[in-house]
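Below you will find the structure I want to go over with you.
Chain IDs A, B, C and D follow the sequence of writing; residue 1 opens each chain.
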Amino acid sequence: MTVGNKENEEFAPSILVFSTDSISDPGIDLAGSSHLAYPSTVSVISLPCSSGIKPKWILHAIEKGFDGVFIAADGTDCPFLPDCTTRTAKIADTAQSLLKEKGYDPQRVKMGAICSVCAEPFANHMRNFFNALQKIGPAKKGGGKDGI
Amino acid sequence: MEYDVLVIGGGIAGMESAINLGEAGYKVLLVEKEPSIGGKMILLSKVFPTLDCASCISTPKMAETAHHPNITTMTYSEVMEVKRNGSGFNAKILKKPKYVNESACTGCQDCERACPVNVKYDEFNFDLVGRKAVFIPFPQAIPKVAVIDIDNCILCGACERACPASAIDFTQVPEEIEVNVRSVIVATGFKLFPAERKPQYGFGKFKNVINAMQMDRLLAPTRPFNTVLRPSDGKEAENIAYVLCTGSRDRTVGNPLCSQICCMYSIKQAQLILGALPLADVTLYYMDIRAFGKGYEEFYKQTRDMGVQFIKGRVAKIEERENGNLILRYEDIENGGRVQETEHDLVVLSVGLLPTPEITSIFKEEKLELDDYYYVKQVDEDLSPARTSIEGVFVAGTAYGPKDIPDTILSAGAASSEATAYMETTRRQK
Amino acid sequence: MTERKVGVYICHCGGNISDYVDVHKVRDVVESEDGVAIAKTTMFACSDAGQQEMIDDIKEQKLDGLVVASCSPKLHLLTFRGVAKRANLNPYQYVQVDIREQDSWAHREDHEGATEKAIRLVRAGIAKVRQSQPLKPTEVETVKKALIVGGGIAGLRAALVLADMGIYVYLIEREEKVGGWASKFSVMYPHDKSGKELIGELLSEVAKRGSKITIFTNAELLKKGGYLGNFDITVGIGGDTNEAETINLKVGAVIVATGFDTYKPKQGEFGYGLKGVVTLPEFKAMVEASDGKLEYDGQQVKNVTYIYCVGSRQKADVENANTYCSRYCCNAAIHTSTLVSKVDPTVHQFHLYRDIRTYGKYETLYEETQKMGSVFLKFDEDEPPVVDSSDGTLRVRVKDLLTDREEIEIDPDLVVLVTGMVPRENAGLTNALKIPLGRDRFYNEIHPKLRPVETVIDGVYIAGAAQGPKNSSESVASALAAASKAAGLVMKGYTELQPLVAYVDPDKCEWCGLCAEACPYEAIEKSTDEQRGKEIATVTGMLCKGCGGCVPVCPTDAIQVKDYEDHTIMDAIDALLEEV
Amino acid sequence: MEKVNPDFLDNVKEMGAFDISACYSCGNCTAVCPLSTEEYSFPRKMIRYSMLGIEDKILSGPELWQCYYCGECTDTCPREADPGGLMMALRRYTIRQYSVGKIADIFYGGTSSVIAWVFLSLVAIAGLVYFHNPTPNLQRVDPLSFITLDFLHYAGMVLGIVIAFFAIAQLVIMWRSLYKDEMHVTIGEWWQSFWDILINEVFIQKTFNECEDKNRYWAHLALLWGFLGLFLATILAFGIDFLISVDSGLKIIPHVLGIVSGLVLLYGSGYYLYRRYFIKDSYSKYSHHSDWVFIWLMFLAGLTGFLLDLFVWINLPWPAYIAFAVHLVVVFDLLLTAPFAKFAHAMYRPLALWISKTYSNKEKVQQAQA
């Protein structure tokens, strides 16, 4: 992990994943038990439901040094809220506008439905997001501009 | 050992009954013959008509069952005998050796990777792929513990050496356990119709003729090949046919019943295929589309609007071409009643459900009666759907007839309800 | 600096972790974290020895927090909660950090990265434990009584089984008499049982239960108050609600079994209104009343023609379309036709259908009626049969898809419109109970696959055709299933609720109602905070599922979910980002 | 627009097809049928017409006669509705419908057919009793010393005229229901397909050979050739008697032909009798009495013809004359009822096949031109 050396050529973006206990967490676990590799700069925080993520947490994560935040949404499999997808999408939207306000690239937030056996999709999401963030470049810790 | 209820079968019917009873405060023993609970549902891709991911909604149920303080789960075990004993029953259970210490195994699969034996069939992938002689049944298995298939094991000890937890234990022997229970719930589920019994469809002979359970595995997120490939040459299928009523509504194979779920699972798979292979054509050959449950008709309509072809006509025979493609012969009933021969590169047989009549043999002294079609007989379907010919023994799920998942859950609720009422009334009578 | 004393255990998992993660390095780094009293590596945390070591440490060192960095919590969360319990540590002060599935196994080619990640994850776990509080599941007493709304076959059957379980039952019925639709039929499929007799049987059983079941007729549910397991129900008795005498009932669970109505065709729909055109329920009554001879209007009936899917499977562009399939009607019509053949085998019967849906064992009914001589013709939804009697003869014209789309003409004595089920008009009840309706306007279950009798309102269950079309034995099954769920709630006299629920900071809350809107479980209500002299939101912990759906909508950050508070999450984020 | 006739199926069911109501129109029978074509698809369509009582569609098509009752449809019918049985029942029904003055009805009714067969046989026996020579040659077998050539000659002529009258009248009836004016078929086209049908369908029975059960095909061919052979032997024998001499050495030819044909016919009819009695193939599960009578008459005709020749050969006068008498009675029954009983298919089928073949040839030509 190269959080400290973001200016280096080989920039390894750090990614925070918000996942959910009953749906996306097992999917992410399965990626590991299937030995599907994705960057080690990906870390996960689990919540009960992706509709409970606060946009300001996302902003906090970026401001404090994560280069991207991925929301592993429950999608239609959510055990709590039938409109979970819509709600989560709204949260992602709000987070994106918050980032924009602060001068960050809104692309630093991404959302995807990860089901409890979506190991492969998760690993793919991570690799793609990682690559995309490499292009965007490191987020300036403490509120620097992304240059947009 | 004493329990309130013995539930035979750890599929969704058994799990639901067990959870209901556990919640109401009864001690439940759930016995499952496979190494994991979950039944057939956990192996499915998604479920109709909501397209929920099957394992997303069934894994929590499995975990709830396995971790419920009032439920004891015994996997890889079979109930050998149930006999009346006072106001309850005495049951003998055979715990088959997994040759793995369940409490030590961490589910890491190192043994699986070390095992040199490639077994050609994998029952949890419906033989689409092979597995090792030591294996974890499937990724979401509960308990997530390896099991050694001793019939195929060469006793080389590779797994033993690879296991970091020293969990491999070849000294295990079958163990017979006797328990006393007050009530029994039979939730032994169904068997898939063996498509070989319709030789005109060439299942087992033509490589690109598969059954719908195999297709569900190909579509599942944990699928073996990671895409929908046809078995003969690993090409992505472009033109897929579904043959409905394979082994159902068919007196020539001795099953005049409709299997109740095949129309809908075929429609579901058709939708999933359109998602997985956007360029593929999917055709369903059917007799009547039985989309009768809540939201099913709408789902069927949606599938038609997505471009899936529905042709009324029972496929009479299938022939194989040299390139592995298949020719289906049928009468296109609604369009002139002409005999047609159509070529497809993959054929899915929508196999029906068959009963599991073997269960009757474990009941001694009293007879667990079967109905005309060898399902467990409901002695009072109108008012007590879960009641069987033996007082205190109840039936849940597809053990008494074909059912979709919601109906199975209802029947499991009915069984747990009636078992509760039975135990409470007998307790009061005492 | 925290006062907390946290124990951290990093599992080798026999190499599954330690082969990729330098567990000793992780230990060395986190040892010095704020609040860590003890940090160890362990070969198998889950083994008996591993568990005992933790218990001993917790007891000896008086630890008040536990972090186990091992495999996925899906495997061993409960194991280590058990460890905590046995060591007299509150289980909610334990956190499991997944460094196997989400670390060592996912980054096998990157040992350094995996080790670094493990350090960050464990730090986040420690941060979380530092914020943790001892929590207890709330135990709620439940009233061992149930209310059943609707006295049809489903309601009566549920009442009986609940009474047998030892649960006191109130049953309220809107009509003058209980019995519902089933009591109107003398023969029903599949076993030719008489509905009247079945209801009679149920009523005599109900009578035997004596005071365990109380039935109110002419009664309607007016209001529901209280909370899970302790509902206060107001029932109005005696017709018009204004004059109604009201009674109050305290129950632990409510089962709604209000049944269905039959579809009434519009004037002119498939000839409805013409002489000789009747609906299936009307025809059924005729057949049951017939005494060896089927007659209509004084004339012997020799030819009956059925038209299926009337009022079901309608196209979406029809006004108030019933796009659903009504499930029971194919079977019911076919069963009726077997009765006709038994009354008079010479009656010719033609069935004009779209798909015959005699699912499961009912297929044998279909076969039976065919063998008795019923002939089936299939029509296209775009070319439905036409019924008219313009020249004095009742005539049906249909293009039969089975006969090369040949236009067929039948001159029946009777046309039977096979009508389906429609949801019953129940606006008052729906309002009082707040159960959502589905697109088909039947009551909606919380999940159509695995939770077909539960609703978003905990403790309120739906049974029978109120949830969707069903035949009588299916209604009975669902009534029993609903009873089972109700029993799970009230049987023990108490229920345990998980403590991780939402709560409101009254200082921050300026009631806006957004959180209440966001909650489908009716867990948030407006209340007055006397102390602060303002209106605020209050969470009924018993109704809250802890999903957090309300959290992001709050404009003042006043609502939080326990264990997932702002500071917990942000601390965890900070911990993840700390320099290694 | 077709009006349903709900009674129609009841009438057909008197001729068999008892299980057909179980049909749920899946189309398996039609798809599995080796003889059903895009153009003429059966049996399911025939089932539909029967259920709805659309009689003219059944009578105006060749499908009934294109079916050889291989039984595959019945074997694989998921509802065990016996679609092949319906085709047979419809054929019996159709033979009755075509027959002049509804004479065929007699041979399909229960009591009436017993009376008819007994009566016909008695007429034949009475004729023999009246016309036979009470003092036949007992030294050397000479059938013509038992029954005079003249009698046989004239009786044969009368019989021939009667049969021909009915056969032609009924074929005309069939022709008219199958004939389509709008096809504009030329004489040449009729002629061309005539030979095709005669050789391929009558003599070789090519279509029958497409059924899976080859034994049945050979047995049917044996029946046909055996019968034709015996017929030819009889004519040859008479011809030699008339034109050359009763003692001509050429008579060896009809003798040998008769023996061979008799054996062949015995094989064919014996095969069918055996299958119907002992092996219940799907096509022989149900036998209408009209089937039994026909197959027994065939068998007896072959047997007595063969015995006659045998006895002539080894010179056993009385057995030969008795065999001859029985043979004549059987042949009389068989031939006189040929236009009405099951034998009638031998004339209806070729005609139906001829017409349909001509039309499909014509259609192909028209399509090619278009």
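As a working rule, contacts are C-beta pairs under 8 Å (C-beta built on N, C-alpha and C of every residue); 3 or more make two chains touch, one makes a residue touch a chain.
Computed from a predicted model, the values in this text were never measured in an experiment.
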item	value
Nearest-to-centre chain - CA centroid comparison	B
CA centroid of chain A to CA centroid of chain C, Å	32
Length of the line joining the C-alpha centres of chain C and chain D, rounded to whole Å	68
Chain A and chain D, separation of their C-alpha mean positions in angstrom	83
Geometric centre distance via CA averages, chain D-chain B, whole Å	55
Sequence positions of chain B contacting 2 or more other chains	50, 52, 57, 107, 249, 256, 312, 333, 337
Per-residue overlap in chain D, given as positions that touch at least 2 other chains	24-25, 45, 79
Where chain C touches two or more other chains at once, by residue number	74, 100, 356, 367, 378, 402, 404, 447
Chain pairs in mutual contact under the definition given at the outset	A-B, A-C, B-C, B-D, C-D
Of chain C, residues touching chain A in the complex	72, 74, 98, 100-110, 113-114, 116-117, 120-121, 124, 447, 500, 518, 520, 545-549, 551-552, 557, 561, 564, 566, 569-570, 572-574, 576-577, 579-580
Contact footprint of chain A on chain B as seen in their complex	50-53, 55-57, 59-60, 107, 109, 139-140, 220-222, 226
In the complex, chain B residues that touch chain C	12, 16, 20, 23-25, 47, 49-50, 52, 57-58, 61, 63, 67, 103-104, 106-108, 110, 144, 163-165, 249, 256-260, 288-298, 301, 312, 333-334, 336-337, 373, 381-386, 401-403, 405-407, 409-414, 416-418, 420-422, 424-425, 428
Of chain A, residues touching chain C in the complex	1, 3-4, 14, 16, 25-26, 28-33, 35-41, 43-45, 47-49, 51-57, 60-61, 64-66, 79-82, 87, 91, 94, 123
Chain D - residues contacting chain B, complex	24-28, 30-33, 36-38, 41, 44-45, 75-80
